Amino acid sequence: MAITSIKNLKEFSTNNERLEGAHLLCPGCAHSMIVRELLNCTDDNLVVATNTGCLEVSTAVYPYTSWDTSWIHIGFENAATAAAGAEAMYKARKRKGTLKDPDAPVKFVAFGGDGSTYDIGFQWLSGAVERGHDFTYICLDNENYANTGGQRSSATPTGAHTSTAQAGRVSYGKKQKKKDMVAIMAAHGAPYVAQLSPNKWKSMAKGFQKALETEGPCFINTVSACTTEWKFDPKDTIHVTDLATDSLMFPIYEIINGTELNILYRPKNIIPVEEYLAAQGRYRHLFKPENRHVIDMIQKEVNEKWEYLQRREEARV
Amino acid sequence: MKGVLATDKRGVRELGAEEMVGWDEVTQGVVLPSFDQPIGNAALLRPEERAYSDFNSYTATVASWRVIKPVYNRDICIDCQNCWVWCPDTSIISRDKQMLGIDYDHCKGCGVCVEVCPTNPKSLLMFAEAEAPEDALAKWPEKKKKEKKD
Amino acid sequence: MAEKMELNEIEVWDGNHAAAQALRQAQVDVVAAYPITPSTPIVEGYGAFMANGYIDGEFVMVESEHAAMSGCVGASAAGGRVATATSSQGFMLMIEVLYQASGMRLPIVLNVVNRAVASPLNVRGDHGDMYAGRDSGWIQLDAFNAQEVYDLNLCAFKIGEDINVRLPVMVHQDGFTTSHTAQNIRPLSDDEAYAFVGDFKPVDEMLDFSKAVTYGAQTEEDWHYEHKAKQHRALMDSYTVIDRVFEEFEKKTGREYKRLETYMMDDAEVAIVALGATVETCILAAKQLREEEGIKAGVVAPRCIRPFPFNEMRDVLANVKAVATLDHSAPMGAMGMLYNEVAGAMVSTQDRPLITNFIYGLGGRDFSINEAKRIFREQKGHADVGYITTEIQQFSGLRGPKLGFYEMKRS
């Protein structure tokens, strides 16, 4: 595979962009930071499938496309299967000798929001991974259905306010826990699974490259700070993402072949989750005295998860 | 070819200003070709070398979304490319490891580039959209003394 | 290279096996499928060919019918020949993606082995699934027996993939009656069949990396209408290619197909319009009535449900006095689909026939020759007195009090 150099940002910046401007994502949206980085990680040809969601409705609105790669959107749930179908066609045509350029290197990639990945498209993703198609699935996890105005998903964390799990007089927002999608995908036996974040551009680029290089289905959950629904100033996307990784709300790690867990980022100074929560409007209500216990609960869970990840890393199981 | 900072086809149309062709002229199957000719793998070509089709959003502009804009000060810039890697709108123009400037056709004025710029003073700052670049540069702040942290 | 299969001049195949054989001979690149009664044997049969070296393409057994059609769409956009099969609940699960396939103008071939739709659950044949597909933008061909399943599958690829059509095509057959009833079939040899279908010619393929294409863009009120109108126009115009392919097929095999099949219609005074295996029952009934009772009965059967043969229907029924339209699907709050299509066509003619609607055979209930004869006789009665003496919509073969709706308005 034609991997591009990610030795440092200067080298990385010599890549030729394949996501064009004048897409319709909000100013400061992290989705496009993540997508650009994926596209810049390789010089291979790409076939990109995308589920319905902010990325799709913003980058392919007739009569415009922002994609300089082959790209397909079918529905909200089936990008994994669209990529799988294209990959199957590639294999068939390669065998039969009907490809225009049979030697051109190609990678198959699917993007989905957390809504499509954790909820409605869960089965399609699971099926495509079980069948072992050679593709990389990247979830742009902004922890809500942003495209439709910010409803809860099973990726929405406890305590967050969304339009369908609202904070109010008798509610502190979402009651349930966030689904552990990384663990679930690792349990599928996927050869490479990771959680990565755009503020840590290098580990993200490395992880993307590993996934693209690894034969078989790979899954990556990426932290995608959503200025509109998380309610922070667009200029602060990277700042809020820093708080997410440094508070360990979003630990950065990979799991190879379902067992080998590597933590890819260890914050020098772990900050209290409170700082991360305080930076976003969707958690504002948690700072009322009666909701204080929710912050404590979140902190406790973050600590436990970090402990668990470290032990798994050590145990190599 | 107008060069790298402004190429012939970039941002030539406001969104919504495209020709509203009839049913007989829309593309079959809603398919959109990104380029006018077979250009090969775009990853191997710089934007200024690509035959963008009118369907490519590269040819459209979102400049009108902006109320404030980033202004770039070449004198202070260290070409770290922080602004390039985190711009959500592919609007930092870098060539050969050098930051060259801002693509004002596609920049939405989010201000992320300014936040992530590490120099002191910053090499990118936000100004009112109407501010002339010369005036902005004339107003550039001095190096800030490091505040003592206790 | 896939192995060729030596076939006898006459093979004994049921409709499912006939479909699987046609897919094999068309050298489909990707089959993405999911099993459901009664279409399962198509997928199993194809799987057996795969396991024994007769298939070069990919066979992707997905986790649902929605995924089957999704995989077909991804594969088709990647520029190759694609096919699958389903029935009933599986078809219903696919529906979202059926619209996406046709909107993207992808020439996928879908074998639909018609079966009733739950609730209540039922595995037998009726046309509930077939009818649910009629607004999905696909060409819909209907086979009345296993030979036709085989023939129409070969035609379907050639029609859908034609550069002037580029639309997906369904080939329908009736669950069990056709799908599981073995009959003598005259197949083409592998070489002849493939030569007839021809090589797949990619259009806007995602695997041509010299020219990036975007599939599945959003269109709002400024563009959606034009795209849908263009798609409708393509479907309406596809009849010329369908006719041409049917002609070519006849030249090759001697087997003649028409978008609107007619039987004994030259001098018919009364007619039944029907679909599926029932057509053969009605033909036998018409023959017997002509011999036994001198009733000039004829049968009309749309081979092509979409695009609907509107003009042909007007021509063939122009001189008919009374017509019964037989719908093998629960109409649910309106007249049956065939009634509406036929009445819609005939309302723009001078001498409109008297048109009635029979709902029959839901969930696989038997429809007998005698019942077909009774319906013909009833139409003869309408023709003789010049008006509809019964209710316009009736339920045939239903237990309990007679169920019917609406009477003719006479001034």
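A, B and C are the chain letters, set down in written order, and residue numbers restart from 1 in every chain.
Going forward, a contact is a pair of C-beta atoms (placed from the backbone, for glycine too) under 8 Å apart; a residue touches a chain by one contact, two chains touch by 3 or more.
All values derive from a computational prediction rather than experimental measurement.
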Handout entry: Pair joined by more contacting C-beta pairs (B-C or A-C)
Key = A-C
Exercise for the section: Indicate, using Cα centroids, the chain positioned nearest the centre of all protein chains shown. Expected result: A
Exercise for the section: Select the chain at the greatest separation from chain B, using centres from the mean of Cα atoms. Expected result: C
Problem - Rounded Å distance, chain A centre to chain B centre (Cα mean) - result: 24
Completion exercise
The distance between the C-alpha centres of chain B and chain C, rounded to whole Å, is 53
Fill in the blank from the handout: Here the gap between chain A and chain C, centre to centre from mean Cα coordinates and rounded to Å, is 43
Completion exercise
Expected list for chain C, residues touching two or more other chains, is 208-210, 212-217, 219, 223, 227
Fill in the blank from the handout: By the touch definition above, chain B meets two or more other chains at residues 26, 30, 32, 34-35, 41-42, 55
Fill in the blank from the handout: Going by residue number, chain A touches two or more other chains at 45, 60, 62-65, 67-69, 104
Handout entry: Contact set on chain A toward chain C in their complex
Key = 45, 47, 49, 56-57, 60-65, 67-75, 77-78, 81-86, 88-93, 95-96, 98-101, 104, 106, 123-124, 126-128, 130-131
Exercise for the section: Show which residues of chain C lie in contact with chain B when the two form their complex. Expected result: 103-106, 166, 203-204, 208-217, 219, 222-223, 225-227, 229-230, 233-234
Practice task
Over in the complex, which chain B residues touch chain C? Could you list them?
Solution key: 20-24, 26, 28-35, 37-42, 55
Fill in the blank from the handout: The residues of chain B that touch chain A in their complex are 11, 15, 18, 26-27, 30, 32, 34-35, 41-47, 50, 54-62, 65, 79-82, 84-91, 94-97, 103, 105-112, 114-116, 126
Problem - Touch list for chain A against partner chain B, complex - result: 2, 9-25, 27-33, 36-37, 39, 42-45, 59-60, 62-69, 104, 198, 201, 227, 233-239
